[in-house]
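I'd like to ask you about the structure that follows.
Going in written order, the chains are labelled A, B, C, D and E, and every chain counts its residues from 1.
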Amino acid sequence: MSEIDGHIQLKSTIFLPSELAQIAPDVTLNKYINAGYRPSLRRFNEFKPVIISKAGISRYDTSINGKAEEMNESTSVIGSSSVKCGETSAICMISAGIIEDDFEAVNDYRTRLDADIIVDNDKEEIENVLGGELLSENGCVYPVVEIAKGSTGPPGDEEVELGEKLFETLLHSGLINRDELKIDIGLKSIDENGDEVILKGEEANIQKKFSFVLYARIQVFGRTGPLFDQCYAALIKALKDTKLPDVYLNERESSLRTRTGKRNANVNIQTYDLVCDQVKYRELKLRNDRICWASTLGIVNVKEERHDEEGDAEMSESNHIGKTIILSDLEGEAEDNIMKRIIALSNGNDEFASITIERGTGERLTKDVIKKALKLSQVRASDMIKKL
Amino acid sequence: MAITSEQNILKQVDGSATFQIDSTKVISSVTGPINVIRQRNEEPTSAFLSICVRPASGLPSTRESYLETKLKKIITPMINMEQYASTEIQIVVQILESGEREQFTCMELSCAVNSLYLALLNAGISLKASFLSSFCACKDGNIIVRPRMNELDFSTSHHVSVFSIVDGKSDELIYSDSLGKTTEDELFKVLDVISNDINKINESVRETILQGVVNDYIWKF
Amino acid sequence: MSHQELLSPEGFRYDGRRCNEQRNFNLELNTHPHAADGSAICSMGNTKVLSLLRGPTDSNDSGLSLSVSIIQPPYAKSDRVQVSKNDRRFAELSLMVQRTLLQSIVQKAYPRTNINIKLTILSADGSILAACVNSATAALVDAGIALYDTVTAITVGIHDISPLIDCNAIEEIDLPYLTIGTISNSKINLLLMESKTPLDKLQKMINLGTEGCIQIRNQLDIAIRKSAIKH
Amino acid sequence: MPSTDNTLPIPNILTLHSLFSSNPPLRPSLRPLTEPRDLKISIINKDNGNIEIKLGKTYVSCKISAIITKPFEDRQFEGIFNINTEITPMCSPLFSNGGGNDFSTSAPAIIPKTVISVEENEDNGNDVIMGGGAMMGLGVDQTSIEIMLSRLIEKAVRRSNALDLESLCIIAGQKCWSIRADIKFLNYDGNLIDAGNLAVIIALLNFKKNDIEIIGNGEGSELVIFDENQREKVGLSVLHIPLSVTFQFFSTESIERNIKGEKGVISRKIKEDSDDEDDVNDRMEVDNDEVGVESESRSSNEIIIVDATSEEELLSQGSMTITLNSNKEVCQISKSGGLNIEQGKILECCTIASKIVDKWTKQIKQVLIDEEVKNRDLKIEKELSVVNDRRTS
Amino acid sequence: MVLSVAESSYIYDSLTSSNSSRIDARKANQYRPLNANCGFLPNSNGSSRIYNADGIEIITSVKAKVVRTERIADLINVDIDIHGEKDNTTLCQQLTTLIKASIMDSFQFDLLKLTGKYYFQLFIDVSILYLPEDFSASSYTLYSLLSLISMNVYISLKSTKLPFLISSKDDFDVEEEPTFSDDWELSKFLIPQDSKNTFQPPLIFVVGTAGEKAIIDPSLEEEEILEHGICLTWSNSKVTTPIQSLTLSTNNTKALKLSLISEAIKLVKNVAPDVISALDTIASQESDDFNNGF
C-alpha cells in the first residue's frame, strides 16, 4: 500500500468494511485478526458447531410412521447421513454393487513345482500377487462428491479433488476391513418339501467368490467452511449406518446355457442370477480405532501493528512482530485464500490417518506450529468422534 | 537405488527433464510463458499454470487430476508468479513408468515434482527457491526411505514431502502428505529422514544441472 | 459366404454381375430444392446416399471452410445398428470426403465462406465412401460452387486374380478392396484401402478403378445435364 | 538452440521453397528424397514392452499393458486389443490439451498464413473442418490430426491382424487377455504416423505377458497366473510386422495445372493476367513460363518425399500413407485430398515404401535378436547364482 | 416471425369475418401441399418420406426383427433423430415419447404375433433431415412436426411388408425357430390393406382457432394471430386422446371456449377420412424410386 505515493495531493479513500472485504480480503483479515477476531466473529481456534444425523433415506430405515416393518423398498441406498455445519450441508448416500473376485490371481503350490527355480521366500510371493497387505486387508469406498451449483456437467476440479482425497485417505486408513465386504453367498434352492431354503457354505458348494463394492455419493449444498471436513464426517457417519443385504444365487438360473459360436464350437456361458434379499441384512462393521475426524486448519502470519500515533510511513520493520495464528474451520473468502494449511485426520488418540501440510507462501512453517496444529486437531477429534 | 535424471531432451518445448527413481520414471515439459490459450484463464496479476498429468498406461482419470491439483499446490508458491502476469505456463507431466500400484501416488508425485523442478530450471522460469521431493514408508516404527513396491504395499503409512534447497542443503518444508496410520512423533522423524534423503538426491540432481549447463553453453563449437 | 460363391468359375459374381460390371448407378440432382442450396442423391445398387449442401454462407475465417458430416441412421444396414455420433470411423470418412472435395473447389473464389455438407447414408450396401464422394460432388455442382473438376469414386475388390468393380457389402466383408477417386485426367485424388492385399495385385485394381471412375463421371455428366434441362 | 549440423538453423519457409523448386529438388537436410531418417530403438523395459524410438528428432514412447477381462459379447473367441494415441502439448506447443481447440495464440511466429484457415469447432464433434493438404501440417486442426493419426495406426496394426487376437482368448466367452498399447508422442518433428506405428509394433514384439494355465474342467476350473519366477513370461503372437510409410507431396505447379494437366497450361496462357496473382494456392509457383514448357515434356512434376520433418510437413500439399509388411502385402493405403497423383507415381511409392519397410523390419529383428541374447545371458547368470546360493546354504 | 400490427390484424380479420378466408386462400379444412412416397429403402420392411413446401423433410423406416419376448411394451421402439442436432434434445425426447405413446395406445399387437413364442419387434426410426432455421421451439411447432411425423409413420406402417412364415405356427410343444420364405413376392403387409376393420395407425392433427373459426394445418403466419391451438389424435376412425391445447408463440391467447373444441373435433372428423384415403393411396403405390413424389 505504501508504494502508491504520488507527489500530488494524497487523499485517502474510505471503503465500507463490506467493500474492503471484497477488494482486499487479506487486508480485512489482517485487521480482524489484529483485533483478536475473525471475519465470522469467531475466535481463532473456535470451531463451528456441527450437526450430524442420519438422513433416514436408506433402504433399511424405517419409515416416518414408526412402523418397524415398513422399509423404503424403492431405494437402493443402504446407508445415509447428513452433516450440517454453518451454512453448508452435506448429504451422503451409500450404495453397493457386487463383483466377482475372480481375476484375483490364484497362486497354487501344485503348479509351483513347474518352475525351474524355486524361490525361497514363498510367502512374500503370494501376497505380492494379491497386492500386499494393504490391498488384501483394506476395503474401500468409491466416493463421488457433487457440489450443488445449479448446472450440470462434468465434475469440477474441486469435486474431483474432494472425491479423490476421500478415497485415498479412507483406503489407507484401513477403516473398512476387506473381509467385511466379502459376501457369504447362499444358494437358494427348493428342498424335498418344496420349501425354499438357503444353503450356505459347504452345502452350497459355490466356487465363485463375490464381494461388495461400496459407492458413496455426497451432495454438498453451500460452499462455506472446509468442505473436506464435512464430507469426511458425512462419509464416516453414512458408513456407520450402512447395512449390507444377504445375497444368494438363484439355483434355477445358474444352469449352463450352451450357445453355438462362430466356428461351431460350443461356448459355455455361465450366467448367475444373484439375488439380494429384500429384508435380511447385516451391519457393516468398521474398525473403531480408525475412525477419525478431519480438521482443516489455516495458518496466518500477522504483522501486529502497534497502535502508535504515527502514520504508516513512519512505521519501521521493528514495529512489526510476526505472529503465527492457527485458524480453525476456515470460512469466508478471506480465509479461503489462506494457502498455508494443515489438514489432519486424527482419531483423538494420538494417531492420525492422514496429515497434509501445505506451506503456501509467506513466513516459514515451524515445527512448533505444526505441533500446535496437530494438538488442536486431536482435541477437536476426541470431542467430535463421540458424536459420529 | 538408482536415481537418474536428464535435462533438455525435447526440442519443441522450452524446458524438459526426466527423473527416475528405481522403476518410476517421469518426463516433464514446460512451455512458457506464452499467451493464455483460453481467455478466461487469464489472470491479471500472476501467471496461469496449466498442469496436465498423463498416466503410464490407460486414459487419465480422477487419480491423475488429483495429482495435478497436488502438483499445482506444490509448485505455485515456488514460482515467481507475479513476474509472468497474464501469461500461461504450460506443464505436461507424463508418467513413463510407474513402480507402484495405482492405489498409491507417492512415487509418481515425488518423481513428478523432481522432474518438474528440472524442467522449470531448463525452461528458465524464475523460481523462488530450489525444491526437491522424496518419499518413505513406515512399518512398526521402522522408516524405509524410497521403498520398493513391496515395501510400500506392506507399510502402515507412507509419506511424501517436498523441501526447499538452500545452500545445497534441504531447508524448509514446502509440502507434506502422509497417509495411513501414523503419529506425531513418526511424522517428525519422517520429515527429518526425508530431509536428509533430499540432500542425497540433490547431489545427483546437481550433476544433471551442471551437465545441462555445459551442454547448453552457447559459445561451444 | 464361401470364397467360391463370390465369383463362379464362369465369371459371375454373387449377385449375377460380371467382374467389370457396375451395379445400377443412379444419380439425381436438386432433389431437395427447398431444404438445401444444393442436394443430390446417389444410389449405387442398394447403397443410397443423400447429400444436402448449405452454402456458401458468411464465415469469420479468412478462407473457405468446408464442413462435411456423415450420418448413418440406424436403419441403413440390414441389421439395425445405432452408430454413435462420435464414431471414429465416420469421423475419418467425413474427413476424407472433406479433403477430397476441398481439392477440387476453386478456393480462391470463396474467401470468408462456409460450405456445409450433410451426407445421410439412407441405405448401406458397400461402397459407402465412394457413394458419399459422388453424392457430395453432385451436390456441389447443384449448388453452383465453382469447381476445377469433379471427383468421382468407386470401389474395386480383388478375387484371386480378378478385380471386381463396385463391391457390395458381402464382397467387402470377404475380399480385399479399395476405394479410388479420380479427377478427369485420371489422376488419383482419393485412395483408401483397409484390407491386406499383395502388392503385385494393386496395379490391376487401380487400373480397373480408374476406368470405373471414368464411367461414373460420364453418368455424373448425364445427370448434371438432365437436371440442367429440367430447371 | 545452436546447431552444428547441416540443418537450417531457423525454419525458413522461403529457403525450403527454393530448395524444393530447384532442379533436382533438395531437402533442407540434404537427405535424399526417398530416404527416411535414422531410426533409433531403445528398449526400456523388456517385459512390459516399454520402448522408445527416435526417428530423427521425432520421439515416441510406447508401453503395453495386459489384463484379464471378459471378451466382447460378439467376439467371444477373441481377446481385446486397444491402441491409445493422444497428443499433448509436450510434443509440441502447437497442440493443446484435450484436443479440438485453437492454438493460434500459442503458436510461435513461424507459422505462415495457412492456405485455408483453421476453424475451431468445439461443440460439434461431427463436423470436421480442416485446412491444408498436409497430414500433419500445422494448418490442420488438432481434432482431425488426432482422428487420422489414431485411425491410421489402428488400421495399420489392429485391422491388419498383426496381433493374433484369437491367441488372446483364455476361456471362450468368459476370459481373455486385454492388451492395451499407449503411444506417447514426446517430441514432434514430423511423421508421427510412421513413428507411432513403429513404436506399437516394436513394443508388441517385445512385450511378454505372464504365463497362465487353466486347471480343471467345467465349473471347477481355475485360472492360474504364474509370475516370472515360476514360469517364464511368454511373448505375444505377432503374425506379421506391418509398417507405415508416409509420403508428402509437393508441387511447383498451380493447383489448376495439377488437375487439368497440359490443357490447363494452354487455357492459362489465354487468360493469363486474371489467373496470375489471385491464386492463393500458388505459394510455390515459380516462373510460369519456364516450368510450363518443362512440364510439357515431363508428364507431371510432383515431388515426393518420405519421412518429412515438421518444416516439410508444414509446406506439404498432400500426403499418403502406405502400410506394408515384408511379405509385400499392402495393409492399407490412405490418401485423401491434397495433390492429385498419377497412378504410376502411386505404384512407384509402393515400391519405395516396400524398400523402407524391408530395411526397418531388418533393423527391428536385429534388435530383437540382440535383446534375446542379452536376456539369455542374464538368465544363465541368474540360474548359476541360485545354484551357488543353494550350495552355500 | 414478427408481423406488423397491420399485417396481423388483416390476417385475423379476414379469418374471422363472416366471409372467412385464409391468407393463402385455403379452405378451413385444406392442408398445404405435402409430398410423400414410400418403399424406397431396400433394407427396411417399410419406409416413407414426407416433405412440405417449407423444406421440412422426414424419413421414417420400419424394421422388423424376430424376438422371443413376453413383454408387449418392448415390441415397438421409436427413435427420432434430428439431423445435425445432438441426441436427446428436449424436442427429440418429447417427439419420441408422444409418438410412441400414441402408437402403443391403439396398436393391435396380435398383428405382430408370429407363433406361440415369437413376435415381430418393430423399430420405427424417424430422421428429420431438415428443419427451417426459424423453426422456434414453441409447442405449436412441436405439434405440427408431430402431425407430419404421424402421417409419415402411418404411411410406413401401412406399407410395411413382412416375410412369409413357412414354419409351423404352433410351437408351444416343439422348440422351433421361425423360418421364412425367401421369396419376397409372398410377403404380406403388416396391416392388411383390403379389410376395413383392422386397426389404423394414429394420426395427429393440429387445429388452430381464431374467433369462432377453426382451421386445420395453420401456417407460421397464421400461428401468429391464432388464439388457440388444439392437437387431436385420430385413431381407428375416431378422435381419441391425447387432445391437448397448445401454447402458441402469440400474445393474443384467450380463454378457450368449449364450443371450439367440438368445432375442432368436427373439423378433424371432416378432414380425417380424406387424409387417410390419400395416405392409403400413397402407401399402396410402392416405388423404388426415391424421388417419385415430385
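By definition in this document, contacts are C-beta pairs under 8 Å (C-beta built on N, C-alpha and C of every residue); 3 or more make two chains touch, one makes a residue touch a chain.
If you're wondering where the values come from, they're calculated on a predicted model, not measured in any experiment.
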Remotest chain, chain E as reference, centres from CA atoms: B
Most centrally placed chain - per-chain CA mean versus overall CA mean: D
Furthest chain, CA centroid comparison against chain C: A
Whole-Å gap separating chain D and chain E, where each centre is the average of the chain's CA atoms: 51
Rounded Å distance, chain A centre to chain C centre (Cα mean): 56
Chain B and chain D, separation of their C-alpha mean positions in angstrom: 32
Between chain E and chain B, distance of the C-alpha-averaged centres to the nearest whole Å: 64
Multi-chain contact residues (two or more partners), chain C: 69, 71, 85
Overlap residues in chain D, where contacts from two or more other chains coincide: none
Residues within chain B bordering two or more other chains: none
Complex contact set, residues of chain E against chain C: 40-44, 47, 51, 53-57, 59, 61, 63, 65, 79, 81, 83-84, 86-87, 123, 125, 127, 129-130, 290-291
Complex contacts: residues of chain C adjacent to chain E: 28, 31-32, 34-36, 41, 43, 46, 48, 50, 52, 69, 71, 73-78, 80, 82, 85, 118, 120, 122-125
List of chain D residues in touch with chain B within their complex: 1-2, 4, 44-45, 48, 50, 57, 59, 61, 63-65, 84, 86, 88-94, 96-97, 101-103, 105-106, 180, 182, 184, 186-189, 310
Residues of chain A defined as touching chain B within the complex: 124, 127-128, 131-135, 157, 160-161, 163-165, 168-169, 171-174, 290, 339, 350-361, 364-365, 367, 370-371, 374
Residues of chain B that touch chain A when the two form their complex: 62-63, 65-66, 69, 73, 76-77, 101, 103, 105, 150, 152-155, 157-158, 172-184, 187-188
